[in-house]
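Chain naming follows the written order as A, B, C and D, and within any one chain the residues start at number 1.
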Amino acid sequence: MKREPVLRVVGKLLIPYMLMFALYVQFHGDFGPGGGFQAGVITAAAVIFYALIFGLPAARRLVPEALVETMVAAGAFLYMAVGFAGLVLGGNYLDYFVLDPDPVAGQHRGIFWVEIGVLVTVSGVMLKIFYMFAGRGRAV
Amino acid sequence: MTPAQLIAAALLVPATGAAGIALAGRWPNLREGVTLAAAAALFACVLALLPTVLAGGVPQLFVLEMLPGIALGFRVEPLGMLFALVASGLWIVNSVYSIGYMRGNDEPHQTRFYVCFALALAATMGIAFSANLLTLFLFYEMLTLVTWPLVTHHGDDDAKQGGRLYLGFLLGTSITFLLPAIIATWALAGTLEFTPGGILRGTASGSVIGGLLALYMFGIGKAALMPFHRWLPAAMVAPTPVSALLHAVAVVKAGVFTVVKVVVYVFGVETLAGIRAADWLPAVAGFTIVAASIVALRSDNLKRRLAYSTVSQLSYVVLAAALLTPLSVAGAVFHIAAHAVGKITLFFAAGAIYTAAHKTEVSQLDGIGRRMPWTMGAFTVGALSLIGIPPLPGFLSKWMMFQGAAQAGNGMALAVLALSTLLNAAYFLPIVHAAFWRAPREGDAPHGEAPWPSVAALVVTAAATIALPFASAVPLALARAVGG
Amino acid sequence: MPAFASHYTYWITVLLMAAGLYIVVARGNLVKKLIGLSIFQTSVYLLYIAPGKLIGGTAPILSEAFKVYSNPLPHVLILTAIVVGIATLALGLAIVVRIREAYGSIEEDEIVAADRDAGDRE
Amino acid sequence: MTLEHLPALQVMVPLAAAPLIVLLRHAGFAWALAVAASLFAFGASLALALEVSRAGAISYAMGNWPPPWGIEYRVDALSAFVLVLVSAVGALVAPYARRSVAAELPREQHYLYYAVHCLCLAGLLGMTITGDAFNLFVFMEIASLSMYVLIALGRDRRALLASYQYLILGTIGATFYVIGVGLLYLATGTLNIADLAARLPEAQATRAVLAALAFITVGVSLKLALFPLHLWLPNAYAYAPSAATAFLAATATKVSVYVLLRFYFTVFGAPLVVDALPVPQILTGLSIIAIVSASLVAVWQADLKRLLAYSSVAQIGYITLGIGMATRDGLTAAVVHLFNHGITKGALFLLVGGIALRAGSVDFGRLRGLARTMPLTCLGVTLAGLSLIGVPGTAGFISKWYLVLGAIEAGQAWLAALVVLTSLIAVAYVWRFVEAAYLSEPGSGTAVAGEAPLAMLAVSWVMVAACVWFGFDTSFTVQGARRAAELMLGAAP
């Protein structure tokens, strides 16, 4: 599909909006439907879309495997770091109330970071699965 | 040293000896030196305990609580004292003999042999001094396992087959009968300590006690009560020193020792005498005595004949204990010592014949007494003692058994004792006759005595057999203390 | 509505459950087995979600305007379960890919036969 | 601060170690981190066990949301005991894994192995410590998914198929479990285990509760390889990397047994499970078939790892037999055997891993005369084998003691007879190894390279020593198990 100009143009036009929409879903998750899971999948979908149009090698150059793996680990680690932050600040594990002097703000803050962790991990996992399966098969 | 320390030493000396032997494995002379030193040290420890026990003391040692309410503990009472004395004393002689036998026959794996031997002695001491059934069971199984490498020493198919029978019968009976019996005793009595007068009195009905007795008697496979005797002939594939000390003294005596211990200290003589459920035991023991003697009579292989003789002699002890009179129990205890010195002499002689002449069958022994006078002389002494010729020690124990049987009014036991004495004579005397009074066969390679350590050892045990009646004060005192 | 009809979600649940399990057991194709497994898991999502829905209830957002809202807990649980299900499916497919590379087949009977042949040759 | 948060740290430290290892990506660091996390978990579990025996059960509210609304971590006599077993095995396998993994896996997979090891450890610990039925499912899947990966890392291509089969069956098991939990949630409206236990009596005999019991029983039985749901186990153990086999065999099925105990005796309660339903009878029947058939199958295996795997199925039968008795001694036996069999099988598979490293395979043909080149390893296998048989002076004996005692006190002498008779089959399969190693002449395929690397051997022998130690000093195992049994039967304060 690399030679299809229409697809390439439309793709290039769409991908920024997909990423933007992912961020909207991510940050609106506090107030309405949305959150890290959905945003992560949309982010990954943008990259997968890119890979479909421009080819897997191009996508791999853009988002290398090593980065994907790091994302999977880093997101999970961020989640757990929030948990440990609760411990350090004198609460229980994953205690959001102590993250800010105002408990409600603390809840917001905790959820915010946790959701970012989820976003990173989920998009990482989605890409990892995609790379894993897309990269195989032809070799056999 | 305090008595408790002596008990610990008696257990640790052979165990550390085993470690020392393993370390010294590369230097045979040093290795055998360690064995002899350990044997001597062990005998000294046991001997040092004797005055306390003779004076009526009961040295104790408690190590730790294995299960809630059941300790790993040791307590020396007269019966265990006697058993430990016999086993540790004969270990010294047997070590000397082993050196001659193992080197004379160029046996492989000698280090393993001496290591396992020392461990077997440690287990034997554990059995002799155990304060409760669990401790006894622990060392009983340990003895089975550490003697298995000795039985399968040669590693060929015969040895493997013998080893399987050995392990199958001994582990099989102890796990399937003895262990449930012990656990049932614990469930009934709430204790497993050996207590004079028994711990089971009034805890269950006569039939339950009778069933428990059956579990114990057949579970103690080392006592070789028929039909669980097959392991003993199978164990004869081992080198002769093993047959001599372990399968004539330590292992089998551990079996009958356990039988006496269970009858006297777990059931209690009076408890058993009060119920009729134990009446079958003298019958089974009597049958074993006669049947094993007949098999011995028909065996041409010398070690096999001796093995079946052992089966039969072990059941003397069981029979005597089962008669439940003080005198017969004392006889049973004394017979442990009497049979030990006699039978070890016979096995030493058999091993010496194999080493010097490579003969294993009774029918090959014509005229051998002229070439090996010391060996066959000692053999004759042992045989006469086991037949029960006065004043040899075998006579003393049989005499006590006869009296006990008469006291108990058990005609069957009297008849069995008389018949088996005749059978004993019938399977031992032809060997002596052939050795001294028949002409050697044609074509036999000329040979002399076995290496000197072997001959020295068997002369010592024969001398001990002769001396035992004159020095019988100690064993008899211990035996009477058990019989009460 | 009669009882069996008003509980129609349960009937669907049971149907999915049985269909999924049947596929897992009856199909020899490793991918089809995984599909069956996913259908089977889907039935659980329904089992949890359906009872949490109240007719006329809204999303569980605190507001004076709404008094009746659905139970949010099943959704949270099932979100987790879906993630677990995806992880399982992904891992399963990854293993199937490697099985295909190692054996050249994803039919169970052919794989077993290949192993048996290899065992015979040893 | 640390002490009161130990329940959370117990799980979270290994869980956090896994992504850190992936971030670092260096085999050496990965190993060091895995060892550190495992050791920390072990220390934490010991501290928790001590605290529980001193001051009673500990409850920890995740995120400071009080139970039953939030997720509760709960450590009581039973879970503290299982935590110690799991984390102890984890702490021993992690240092062992270095040489074993280096030999069996390509270098680029090393860090992955350690990450998955940490994940699996965290999952198993989480299953044990959590007081929330759904959270338990999540940890169960974390542990299971990492186990599938561990098994699939095996060198043999059959490892892939074994992993796939385990994945299918394991997922069915977990899904059954979660269906059961769902039904319980519908019946009671709560997922907290303690809260469930309090609310279930109101809903006692409804069909939903009974169905939940059935689903949970089948689901967990699949995970713990109760006959006839054990089919995944032999291949999985046989083809996984050695270190993984040792870890799984010693812990995975044991934790599932814990889950079964937890649901039977804490959630549903003995009156329903034991008195009203024929669960004990069914368990006892299946256990007997498992013990007899798996032991017999084990005797005829040509491969030592498979032999031990089938022996595991049989030994799990002993555990469930103890559960089936549902008396104090029976449950004590089950919990003690859970621990003792864990360390025994752990020791055996660790040693077998050493043999596999040196001999290339653990086929009986390769084991002939092995005692000459690997004397310490063979002695260790023999000693641990004796513990498997239940010879006095080993940990296995203590289990047999309580099993037989439980059977006799329940008046079921035939069960006692069965236990001791089947021990003899164990003698047969253990002695196949002993005869091959000690009495056979070395064949052409026997290893000549000598003992396993010191680190592996030392760790294995720590485990073997534990097998012997817990045969003599039973103050930890028996008293811990007894407290757990009393807790389950509701006799404890």
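As a convention for this text, contacts are C-beta pairs under 8 Å (C-beta built on N, C-alpha and C of every residue); 3 or more make two chains touch, one makes a residue touch a chain.
On a predicted model such as this, the values are computed, not experimentally measured, just so you know.
Counting C-beta pairs in contact across B-D and across A-C gives the higher total for B-D. Innermost chain of the displayed assembly, by C-alpha centre distance to the whole-protein C-alpha centre, is D. Chain centres here are means of the Cα atoms, and by that rule the chain farthest away from chain A is B.
Rounded to whole angstrom units, the spacing between the C-alpha centres of chain A and chain B is 79. Separating the CA-averaged centres of chain B and chain D is a span of 44 Å.
Here the spacing of chain A and chain C, counted between their Cα centres, is 24 Å.
For the pair chain C and chain D, the distance between C-alpha centroids works out to 27 Å. Not a single residue position of chain B touches two or more of the other chains.
Of all residues in chain C, those that touch two or more other chains are 87. In the complex of the two chains, the chain C residues touching chain A come out as 59, 79, 83, 87, 90, 93-94, 97, 100-101, 104. Looking at the complex, you find that chain D touches chain C at residues 134, 137-138, 141, 145, 148-149, 152, 157-158, 160-161, 163-164, 167-168, 171-172, 175, 178-179, 182-183, 185-186, 191.
Every residue of chain A that touches chain D in the complex is listed here, in rising order: 69-70, 72-74, 76-77, 80-81, 83-84, 86-87, 90-98. Interface residues of chain A facing chain C in the complex, by the touch rule stated above, are 33, 37, 125, 129, 132-133, 136-137, 139-140. Residues 1, 5, 8-9, 12, 15-16, 18-23, 25, 60-64 of chain D are the ones that touch chain A when the two sit in their complex.
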